[in-house]
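Heads up, the next two complexes both have chain A, just with different partners, chain B and then chain C.
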Partner chain A sequence: MNAVSKPAPARPEPRPALPWRRLGEGLSQVLQNLLIALIYAFLLAPIIVVVIVSFSESAYLVFPPKALSLRWYVAFFSDSDFVRALKNSLMVGATTALISSTLGILASIGLVKYKFRFRDLLNSLFLSPLTFPAIVLGIAMVVFYAKVKLSGTFWSLVCAHVVLTVPYVIRTVSASLYGFDNVLLEAAANLGASPFTAFRRVMLPLIKAGVIAGAIFAFIISFDELVVTLFIAGPRMTTLPIKIFNYIEYTSDPTVAAISSILIVIMLLIGVFLPRNFVAA
Partner chain B sequence: MADVQLKSVSKVYGRNAVVNDISLDVEHGELLTLVGPSGCGKTTTLRIVAGFVKPTHGAVYIQGKDVTEIPPHRRDTGMVFQQYALFPHMTVQKNVEFGLAMRKVGARERNTRVGEALELVGLAHLKDRYPRQLSGGQQQRVALARVLVIRPKVLLFDEPLSNLDAKLRLEMRLEIRRLQQEVGITSIFVTHDQEEAITISDKIAVMNFGRIEQTGTPMEIFSRPATPFVADFVGTSNFLEGKLAAMEGDCAIFESAGGLRVRLGPSPGLAAGDNLVIAVRPEKIILAEPAALPGTENVFEGEVAETTWMGPLTQYLILLKPGNEKLVVKQQNLDTSRIFRKGEKVSVRWLPENCLRFKK
Partner chain C sequence: MTAVDKAATKLRGKTPVLLVLPTFIHFCLFFIAPLCLLLVYSFYRFVPGGAMEETFVLENYAKFILDPYYRGIVRDTILLGAEVAFFTLILGYPLAYKLARTRSRFKGFLYLLVVMPLLTSAVVRTYGWMVILSRNGIVNSLLLKWGFIEQPLRLMYNRLGVVIGLTEVLLPFMTLALESVLRNMDPALEEAAHDLGANSLQTFLRVTLPLSLPGVATGSVLVFIMAISAFVTPTLMGGPQVRVLSTVVYEQALSLVNWPFSAAVAFTLLALVGVLIFVYNKLLISGKSWEVAQ
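Up next, the complex of A and B:
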């Protein structure tokens, strides 16, 4: 046997941890956790306060409440204006989510799966509503919709919200599409699937996560959009955020707290349950 | 009538003809292999048959019908992809069922046929697994079952074995051959591996630069290559360039650029003075101690420049006298054979009939 030709390079011995150092690490761990707790408290406190206030008996927004009741929930649901606004918002949100996801999927397929000139330009164009100040978009749309006689209707809101939400769908769907192998579409076609069937049976199930995430984004953003909506919503087409906005100008009873609590629950349900059940697969 | 016919098919991208005027007949039940180096256009040719690529010129016929304008999903071909291309969100059962569902086959018949197909590839017990829970070999079997179950007019194989490890590859290629013969479906198989092509095919088409260099049975391709490219690609060859020096009866005497006088087998159609390339396969050359070979016909002296021991055989690089022309020689490692070392003098010999001849 030949002797070892080259000595293995000496590896530096890990220095033994000094007691004060370990203490320091422990302490910094505690401080770190404390800091995180504080940040969470800072973020969550207003939400918790709103929920508590919504169960207050008093006619004013006071915290902590002296007595509990459900009267502000009753007040909300018995006010037909509020209920109509909620209905409008849900309808606009759902329609927006549907249209946005459809357009977003189509645009993403084009942007991710095909190579063509101006692709990058088109991509930035599709995402540009993200970077525009909402107020600019609002003004632009109010002028445009007046021209095309679409002001103050359900569809004008949907159109505006689609513009605002499509970028989110494109983002999430594109991310899923990057992981999708086109050869699967070829395999499907080879086995007899028409292009649409191949999309529905093979591509869609595999990019489901991105599509659902995009649709949720679209719904939530549409549901609480205020700035652009203020410009284009007419008197007969009021959404919940606008109704709330108008309401608190003159009144400060806990009805808005009750609404807020309802919205919080809806968002929690959407945000927590949907992704768990559908996106994880 | 051939089952699959390509008639002067070309595919041009920009100014680059990836497939250049290819005509091909695949008879019913036959397995034809397209073989060639990467970039030779073999995969594009296959994709033209499947319909994924539209030819720039020419026409494709499947069972006598012109399918050039027909989209892939109505061509009734069954393709096995290199990357398997199983649907990751479906079980094995659902994957194999897919083609039948597309053909609106009833649930009961679907079930029986899927069962049969999985039985055929030996995976019936794994029907509820997802592709990610299978090994590469198993996935490729599922892919095979998935196309066999629809009983397509043509089976297309796009380098289906190249993602498998060496042992499994040998096993799968026998399996594919067995299944193909069992079901008797006309097949086109694409590979860059000439050994795979030789062992699996009824017919081979050797491609290079978008053209078919030669079509024939494996035996024809191997023993009578039409061009130096085929001689080198299918099995390797030693090439010697030179001239035909003289004719002795119908046998020719070839003189290489380096001054070797090689006797060729019967060579009708050649005349003294023709420029020639001759090829000799490394395994057809006998190696021995200097001056130990009987006879004088095609016996040459040389020196070992390189010895590579490869297990069952040893490969030598020999420099031949007088012109130092290079010769690769492969010797079986029998009990009796001795291994020559670098620098040793040797003599070599090959039979006149083992010289392949190509006019220049």
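Up next, the complex of A and C:
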């Protein structure tokens, strides 16, 4: 009864490939993936190494570590110089992010939503710190602050960092603003909203993702900034990157690896969550 | 007219001035004014001991033309930029191609791995390279243990270290620049070339590469600019041996307090970057008209 099995549904015959050719393709695929893996290894090597070394027991660089410990994390947080530098960086970064976001949001609205003379010129000026050599700005700032007697204070750092971070805010906020329809503002005005209310209740919620991304970028750039800060930070306003820079010029124990690893993990988390947040709107 | 243009023409009046004014004032005070002051200083004469004579001399700039030592530093800086641009291109192209073409479900993760180093500070990554390449670093201790070498190799505190470090630090920029062009390229073009009998190499050389040239130009100029103005990596990986324009700016300003010369070096660097950006914009425009002509 079940002698004859049903004929299999007709399937298009795959093109007959010569076995050596298929082998060649498979091999080249493997080689390609190997190449990509090696490039990734090169790109990520320093980061991975820093994280591994931070758990090392020994004060010398031994790789791979012979024994694991958290002593370098303890060492970092018990060094009052490092902790003060971390605090300075956090304060400067947060203040910079706040001011940059405010300036950047206002400027973006002006640049994107209005047409006026010198608009393109202003736009280029505001974005120019992105490609401007930090070392040139550093020497310019130190010369300038010496002239106006403003060297080495908290606000001298913040003012310089705002210049460096405003472009990032303008870029992300502008990107959000391109998708915003001005009709909504008119509608709000017709319904009796003041311009500020219209901004706060209508525009801001719609460009929120861009604003958040811009503020986070501003914080990261300020927190990581080394070159300009190296010129203008006096001995009282040492930030974390400067402290790390000075430390590794002369010492090689893994204290720096410990704080670096913490920063890497924080950045990784931001990297995972930021784009999703930014794309969401 | 695009939707964007329409939105932009809708609003007129005095408001935009008020909106951009705060940022403009801030930039005037903390960007333009310092640079103007620096420009003025670059024509002053340095008096040993840290003072300056307020005059107008060109001797600070003349050093770059007359003094072979400083001429060499300009040449070395440009060479360094070219080398780093070349190596990031070689490494970035396969990576960008893979990112643009892969249908893997790990695509987002592969992207993240390229972007993540950008979010990690250059100091931290340079420190990582010091751990890898130093005298008793990972590479040397492994090679010694396996018996390939008798003496540790000198992999950093020289030019090699700077090139390795900068290539890694700037690789993401090159990759992203190439990837954005490769992603927008129609894969059907490559398939067509294959169907017409071209092998992989021919397809790459005659279809993929020419079409991705705008990305190659963008990425190379970007990386070149960042490499010649880099300071952290040349200082930490190069040590006192490697001198480039940015390290001379720092040394002259902070160690020798020779502000006029430091200012002149800074403006020389700025001029180099300016020329590159100009060339880059020209390339961009000719690239666009070329696209239109297609």
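By our rule, the second predicted complex is superposed on the first by the 238 of 281 C-alpha atoms of A that agree within 3 Å, B and C clash if a C-alpha of one lies under 4 Å from a C-alpha of the other, contacts with A are read in each partner's own complex, and residues count from 1 in each chain.
Definition applied: a contact is a pair of C-beta atoms (placed from the backbone, for glycine too) under 8 Å apart; a residue touches a chain by one contact, two chains touch by 3 or more.
The structure presented is a predicted model; accordingly, all values stated were derived computationally and were not measured.
J.: Sticking to the clash and touch definitions up top, decide whether chain B and chain C on chain A clash or fit.
T.: These partners fit in the superposed model.
J.: On the A-aligned overlay, A:181 touches which partner chain: chain B = first, chain C = second, or both, or neither?
T.: In the superposed model, A:181 contacts both chain B and chain C.
J.: Between chain B (first) and chain C (second), which, if any, makes contact with A:268: first, second, both or neither?
T.: After superposition on chain A, A:268 lies in contact with chain C alone.
J.: With the two structures laid over each other on chain A, which partner does A:257 touch: chain B (first), chain C (second), both, or neither?
T.: So A:257 only meets chain C here.
J.: Name the contact category of A:220: first (chain B only), second (chain C only), both, or neither.
T.: So A:220 only meets chain C here.
J.: After the superposition on A, what does A:162 contact: first (chain B), second (chain C), both or neither?
T.: The answer is second: A:162 touches chain C but not chain B.
J.: Touching A:192 in the superposition: chain B (first), chain C (second), both, neither?
T.: In the superposed model, A:192 contacts chain B only, not chain C.
J.: Taking the superposition as given, does A:112 touch the first partner, chain B, the second, chain C, both, or neither?
T.: A:112 sits against chain C, while chain B stays out of touch.
J.: Of chain B and chain C, which one touches more of chain A's residues?
T.: The larger set of chain A residues in touch belongs to C.
J.: Look across chain B and chain C in the superposition and give the shortest C-alpha distance you find, in Å.
T.: It is 10 Å, taken between the nearest C-alpha atoms.
J.: Does any part of chain A touch chain B in one structure and chain C in the other, and if so which residues?
T.: In chain A, residues 181 are touched by chain B and also by chain C.
J.: For the complex, which residues does chain A have touching chain C?
T.: For chain A paired with chain C, touching residues are 28, 32, 35-36, 39-40, 42-50, 53, 60-63, 102-104, 106-107, 109-116, 119, 122, 125-126, 129, 131-144, 147, 159-160, 162-163, 166, 178, 180-182, 220, 224, 226-227, 230-231, 241, 244-245, 248-249, 252, 256-257, 260, 263-264, 267-268, 270-272.
J.: What residues of chain A sit close enough to touch chain B in their complex?
T.: Those residues of chain A that touch chain B are 181, 183-184, 186-195, 197-198, 201-202, 205-206.
J.: Of all residues in chain C, which touch chain A in the complex?
T.: Residues 4, 7-13, 15-20, 22-24, 26-27, 29-31, 33-35, 37-38, 41, 91, 94-95, 98, 112-117, 119-132, 134, 136-138, 141, 168, 171-172, 200, 222, 225, 228-229, 231-232, 236, 246, 249-250, 253-254, 259, 262-263, 266-267, 269-270, 273, 277.
J.: Under the touch definition given earlier, write down the residues of chain B that touch chain A in their complex.
T.: Result: residues 50-52, 71-74, 76-79, 81, 83, 85-89, 98-99, 102-103, 146-147, 150 of chain B touch chain A.
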